[in-house]
């Protein structure tokens, strides 16, 4: 769900070893701090014995500022060996979108951002081509042309990482960016980059998934949004969707039908990440919806 | 999700006016009683200002018996004006299934019961016809033939209500039972009877929904499982599903395609009810999955 | 399917009373005219005893021009009492899009047009507000501001119909146009106007369908694209789609989730109409996919 | 669609090199033979330059018997190098179902057969275990216990092939039969055996697909019905379906949720095959629905 509740003010996500008393300690802490729990999701993973939680809070009159709140929550976190994040919901994550020539995902993300659905700041569009520059410009988003050749790839990636640094980017979105990132780049962006793959992973990894799908004669095509890892197309999956096709569909038809799947699947993953609904759980994700 | 966690022992569902401190009080109570929270879902309805919660608990060595636990939880409940239920997960709800001549929903429910998916006791099958008697008998379920004519309807309903009483029935499942229940009967079974309607409600209420769907030329047909209320086909919806159809489908095709929808939609609703995942919320339901 | 077959050149759609020999006569005619049948769909409606067909043709060296072909096909048509249309596939239907303030459907249609998916000419955007003028302008589409008040409504509709006439419009697309068209306007556009309704019709006709859906507590929300008739929200359905929702979704969430449904459902209906895949069949449609 | 049209009498399926005049020749032939075309689907595969067609016919008073009709159609077939089949729709294919211990697919197929949805004769159930014998017996289907050990496998397969021969089996259905068939057996049953694999192929081939799906963290699980070939899980796909899951689902939950997917996907594939809607197209299938 999108966060429509009246003036929620902070969102907490946490992970820790599962043991009795976690919910009680969290509930207790925020009660004392005059914070209402507006929405709460939790999951204890029996496989890993880890506990994960997302809490949407409405602060009250006597709630201290976020810095103080964090400082005080640190004690709870220490007691339960938690990793956690506590953010003001008004804080908008900063996104950098990377594209090549396909425009459907970019078009869709810019529309969602412009219409207020995607509550983030898009601070730039990076592309190895100039084709999508007018689209970015019409939306008043700075466009960075970073061409890539086998020779210039290391420098090009360094340039993107500098942008990430300088612009204070929280999330890089690979919106049909057709270059394979180097292992170093993947590691530098670990947990901070979402890619859209145009197949129902793990089917049809690598190049030309629609051609592969056509050859295999599948009856549903798919798209997968996942965090980027150095293992190509193997990163933790955030969202997947499929569309029914039949024998009449040529490869070009699959490509055309797949566009909507790709745009929507990527958009959902990015919006959920921005709303801090996605928690990494090893090679998998938890999505608190 | 089905409850696969190792030996959960109790499930709590509660509803109360929303206000600060509920989760804290609940978490506190069970912590002190040596109960682990294995799974927890909650929902504060902004429209009604009511809070709803479902908690799956694993009892510990020093947890008292359920009767004591309830007696002690009564205090928390009183403090927050809660209505609640606390059940041993080993406790199997007792189901009475009502059918007429269509067998697909009965067949499906009996299969799920036999294979252990539906963790309930089916204590009887009631029908106004004898057609499905062999199916019930093969599953060793007592079959009750209760014919209905306009004249005998009040007596027939009384007979069913006596069965409900005598057999200690927790839930009546109308698995394509083709008689309209009287208002009195509906009230007697309020919140304890689930019906499957063969359309995507509120479309096509009443008789012959597939014929209505065909005439309207819809591109998806549906099925709806809902609690029975005296307002025909207007009860709180638990689950709905749809299936794509096209212009080639005659009414008979819709009927045939609809069978799978009806069986699955009803089965899901019944299983969720049995797992105490469904909470009535006025004219709507909350389903904690 | 989109038409990806190498250089198809003409598309025939026909309807006539069902009787033996139709397919034979059609196949015979085009064989003699050196036309290959690249794709063919047919449907004999047992309810109405009408036969409907769509044939995609690839013309050969000795095929005459379209005018001659039509003149000659008239004989076949007469013999079987057919209504038919025969078009060059290169011929692009002319679309006029009507909007109010919601931009998602317009944004989506313009994207599909710009990217070449929607093989039509968008000859204008009409709106009773000025909000979406920049969007139309950025796509170089003439924008017509036609305000509507109860007093000016007849004149406003007349103005739109003049545009339809002057611009040679084949199809009017109501892309969340929030004015109810008069009966006269509906009749003037009979079979030439497609509307998107933001519910799974026939559920939730009229105003505020998402609010109605929320109150009824449905578990799936939907969208319906249909031809406009003077009977509000009762026109022949072309396409429908649904999206799963749960108790957490407030009305605002349904509205947000519904946007994607509306855009895609409308886009599919418009693209199928443009590809001449949709045939009116009384109060229903045949969609040859 | 299921075949509901009044008294269709024969169904023709054909494949041949694509070239002008095929539809004309077929339409011509049946017109002369006093056969109405009730339903017709065709597909010219641009990749293979092969043409495929399925025609449902209603024979007339002067139509000859099927043997004569076939003898006469042979001429058309020869002229176009067609392979074809022409069957009376009243002719019921003979099915042999193979199972191990999982009962959901068998239960489902027997139900569909018993209720008249699956218009075939189930002539036997073969299993390497005795668990499902009562289920077969209650449906009055002969049960054959054919245990398999590494040592007895060749003899066991020979025994099944003898059954196929003696019982005149048209289609073998592997309804969660947990033994891998030998290459010889696969070849002996080429095009005559349908298997259900409990994943969305080509993802998660081989053993324990639900465990693989859980480890990969997919957001949709699937099932695939395909023709058996000697290349394990690589046979032509007839039907696929998926079901949404989330992080809460343990492997056991996936197994439970997958049962419905498997039953329905297999049932659809078998029913379509029985209705002669499925045509092999190299490593893929054409499904004329």
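First chain written, first letter: the chains are A, B, C and D, and each begins at residue 1.
Following the convention adopted for this analysis, a contact is a pair of C-beta atoms (placed from the backbone, for glycine too) under 8 Å apart; a residue touches a chain by one contact, two chains touch by 3 or more.
These numbers come from a predicted model, not from an experiment.
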{"item": "Distance-maximising chain from subunit B - centres being C-alpha averages", "value": "C"}
{"item": "Chain centre separation (subunit B, subunit C; CA means) in Å", "value": "41"}
{"item": "Subunit A and subunit B, separation of their C-alpha mean positions in angstrom", "value": "37"}
{"item": "Multi-partner residues of subunit B (each touching 2 or more other chains)", "value": "5, 39, 46, 248, 250, 289"}
{"item": "Chain contact graph, described as a line, ring, star, complete graph or other shape", "value": "complete"}
{"item": "Subunit C-facing residues of subunit A, complex", "value": "1-2, 4-5, 39, 103-104, 107-108, 111, 115, 117, 138, 248-250, 252-253, 256, 259-260, 264, 289"}
{"item": "Subunit A residues touching subunit B - in the complex, by the definition given at the top", "value": "5-6, 20-21, 23-24, 27-28, 31, 34, 36-42, 44, 46, 244"}
{"item": "Subunit C - residues contacting subunit B, complex", "value": "43, 45-47, 200-204, 215-220, 222, 236-242, 246-248, 250, 281, 283-287, 289"}
